[in-house]
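The two complexes that follow have chain A in common; it is paired with chain B in the first and with chain C in the second.
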Partner chain A sequence: MNAAEELKQSFPESVTGVGLQTNKPLAVIKKEDLLMIAGKVKEMGFDNLSVVTGIDYVDHFEVIYNFFSYNNKQNLALKVILERENPAVDSLFSLYKVADWLERETYDLVGIRFSGHPNLVRILLPDGWEGHPLRKDYDMNKEQWVTIGEDGEDIVSTDGSGILRRK
Partner chain B sequence: MEKGGFRVDPVTIDTTKIKTEKKEPETALEKLEDTGLISTLLAARERKGLVLLTTIDQVFNWARLSSLWPVTSGLACCAIEMMAVAMAHHDIARFGMEIFRASPRQADLMFVAGTVTKRMAPRVKLLYEMMAEPKWVISVGSCANTGGPYHESYCVLKGVDNIIPVDVYIPGCPPRPEAWLYGVIQLREKIKNEGYGAKWGLNK
Partner chain C sequence: METEQLLLNMGPVHPSTHGVLRFKLRMDGEIIRDCQVVMGYLHRGTEKLGEMKTYLQFVPYTDRLDYIAAMPNNYAYVKAVEELAGIEVPERAEFIRVLCMELNRVVNHLVFLGSLLLDLGASTPIMYGFREREKALQLFEMLCGARMTFNYIKPGGVREDLPEGFIPKLNEFMKDMEKRVDDYEQLINGNEIFLLRMKNIGVISAEEAVNYGMTGPSLRGSGVKYDIRRLEPYSIYPDLDFKVCSYPEGDSYARYMVRIDEMRESLHILRQVADNMPPGKAATTQRYGIAPETGIPSSVMSYFPRIFTPPPGEVYSRIEAPKGELGFYVVSDGTTKPYRIKIRSPSFCNLVAIPSMIVGLKIPDLIAAFGTIDVVLGDVDR
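Entry: the complex of A and B
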């Protein structure tokens, strides 16, 4: 029995499906029970949260949490399915401190909000950037440029003044 | 002096011979004497020295192209290739370029080595503007030339020549050190043939 099936036995109502993702156990869970199940996952010995991924499937979003156990050398993935409009899910920051940056990255590029996160701001793109680039409806034709302000802060502009050469 | 050798003797000026009354030169010979060229040649002949006549363009360009100091900046994987170029096997020191300066104030040349992202672009531009004239830029690799594999990305500049002028483009992903050195040689040829004040628009 793998870790995902153990979770299914412990929480038969919260875990809606189990399977394999690249030969590693995967459990699809309800988003309301994420914190409870992640607490159980941590008790099971999965001490490392490797990656948090957000995927845009046009009609819905998915967030995948990849856990790893250094003691047992095991992988486990949790998947939550979010609605298209205003996708939000609980933050895992209270359980895994690394979730701070991983969730900021997912918020930055996919635009999923993590409620309970202490500092949910962009991590890669500058603060003034419009849109979340890994969404399918991101406008690729709209160029955005970055310049440096007087205090060293990033300023986003759409016309490229102050950065592009005059030709 | 040694036969076949080359030695430049300093020319001493006899201050007693300086005319106190300044007279405007009239004839062609007087005008030539007024430049000091003839007295220099005569003094050199007395000392059995050699005189080298050249032009400002040639001397300055030779000095500039013989010791191009690059600024220490790398943006992505092309910078790893830059390290290979600088190491002993390919040895950029053959061109007098081994001194990668840690300050743009002391550098003549910038290798834009790697992907220029939108957020890095103002920093690259600032680095270029901090360099003292005369300065040159070599764009290295597909990313810096045109955007390369990231041409349709939302966050990558489509060619670094959108923000700063580029003298030489080196294609490759990343370019081999041989291609890199060929680009350096092309830049040296370019400097050799440009006018002394070309960077200021004085003579082309």
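Entry: the complex of A and C
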């Protein structure tokens, strides 16, 4: 029995499905229970949160957490499915400190909000950037210009006429 | 005496940040009280670009992530695609791939060594490091025509077989390099200034390092004896003999020592690979996804097709890159282009721990600790 099936057995209400992510056990979790399940997963020995992936499936979002256990040499993936409008899920920052930046990145590029995150601001793109690039409906033709203000902070504007030499 | 705290910007353009990275430091006199890392200056939207390219077209983009050691990037991506699509790879191709990756690990650690010592104020080691690196880059040039951005490993194998005279030249390099590693150790390890700058600086415990998501040599410097090449063996690593180097101290010096030892282990692997290189083809001849009735003569399409469609599915595949765990999350929707590519870069995740390591220390210690984390900004910003 793999780790995902163990979870399913202990929490039949929270785990809505089990499967495989090619070769890694995968459990689909109700989004309300993610923090509780992640706590159990950490107790099971999964001490490393490897990656947080947000995917836009046009009608819904998915967030996938890949865990690894250094002691038991096991993999486990958790998946939550979020609705299209205002996707939000609990932050795992209280359990895994690496989630700080991984979640900020997912927020920045995919636009998923993590409630309970201490500092949920953009990380790769400058503050004030419009849109989340890895969403499928992101407008690729919209030009945005970044300049540096007097205090060293980034200023984003959609009007590049003052910056560009080309007319 | 109470003094007003000072906000100090370090970077984005600063020689010790190895690119464009900005630290926002809150200073109490000379002591760092708080540190925020600001990044994204080199963000190119690689993941978005990946959604617009075919599977094969994305390989050159992976070169631009960690440009110091690009071969493992190629391989990590290609491995994910191969797992997704079920592509078989001939044994010789796997040998060549491991050869490239380990050679690149040596190159990465040479750059690490040189730039770390340069940051600490010693300008000679970077000359030494780059002298040896040049020879390795010439080997890569011989292999694929490029020195840093290779585009060499592709789904199904490698782009070209080893050129004539490559193995003798590699043997020459290894023979030279083994002596050089001893030289570096003699020059640097016992140096009193170096020890004072490195020992007990930027200490992080094993438990914290795991929680902060550190991987690779930086984590092994905290005494966690882990290596994906051993834990989740891929390619031909199960058949190879090598040690997992780790030091328990968790300070900058331990992280530096791990990399010196790893250079020796990589050379050891290289020697095994070079001595046992099997004959055969360097790329698969599997006619993946090509219908027999297309009428292309088999001699023309003997190699892997340029456009192919893996079955729908998702995979997270990771390898031990020189800087840590490099993973690619690839989602296929059954078309010729990936639906989503997520890059889990080692530099990005190792950098999370920096603020906790250097609070309470001084700015020169930040430079030492940051240097031993070994970050490339192309890999952080993607």
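Going forward, the second predicted complex is superposed on the first by the 162 of 167 C-alpha atoms of A that agree within 3 Å, B and C clash if a C-alpha of one lies under 4 Å from a C-alpha of the other, contacts with A are read in each partner's own complex, and residues count from 1 in each chain.
Following the convention adopted for this analysis, a residue touches a chain if its C-beta (ideal position, glycine included) is under 8 Å from a C-beta of that chain, and two chains touch if they have at least 3 such contacts.
As the structure is a computational prediction, the values presented were derived from the model and not from experiment.
Visitor: So, A:126: does it touch chain B (first), chain C (second), both, or neither?
Guide: Both partners.
Visitor: Counting touched residues of chain A, say whether chain B or chain C comes out ahead.
Guide: Larger number of chain A residues touched: C.
Visitor: Contact-wise, after the overlay, does A:21 reach chain B, chain C, both or neither (first, second, both, neither)?
Guide: second
Visitor: Applying the document's definition of touch, where does A:161 land relative to chain B and chain C: first, second, both, or neither?
Guide: A:161 contacts neither chain B nor chain C.
Visitor: With the two complexes superposed on chain A, say which partner A:102 touches: chain B (first), chain C (second), both, or neither.
Guide: A:102: touches chain C, not chain B.
Visitor: If you stack the two complexes on chain A, which partner ends up touching A:55: first (chain B), second (chain C), both, or neither?
Guide: In the superposed model, A:55 contacts chain C only, not chain B.
Visitor: Could you say whether A:144 touches chain B, chain C, both of them, or neither, answering first, second, both or neither?
Guide: A:144 sits against chain B, while chain C stays out of touch.
Visitor: With the two complexes superposed on chain A, say which partner A:64 touches: chain B (first), chain C (second), both, or neither.
Guide: second
Visitor: Looking at chain A, which of its residues have contacts with both chain B and chain C?
Guide: Chain A residues touching both partners: 125-126, 133, 138.
Visitor: Hey, which residues of chain A end up touching chain B in the complex?
Guide: 125-126, 133, 138, 140, 144-148, 154, 162-165
Visitor: Taking the touch rule as given, give the residues of chain A at its contact with chain C in the complex, in rising order.
Guide: 21-24, 47-51, 53, 55-56, 64, 66, 70, 73, 75, 77, 96-98, 100-102, 105, 109, 122-126, 133-134, 138, 152
Visitor: For chain B, which residues are in contact with chain A within the complex?
Guide: Result: residues 118-119, 121-123, 125-126, 152, 154-155, 161-165 of chain B touch chain A.
Visitor: Please give the residue numbers of chain C that touch chain A in the complex, ascending.
Guide: These residues of chain C touch chain A: 9, 39-40, 43, 45, 47-48, 83-84, 208, 210-213, 224, 226, 231-232, 313-318, 325, 327, 329, 331, 339-340, 342, 344, 348-349, 351-353, 356, 381-382.
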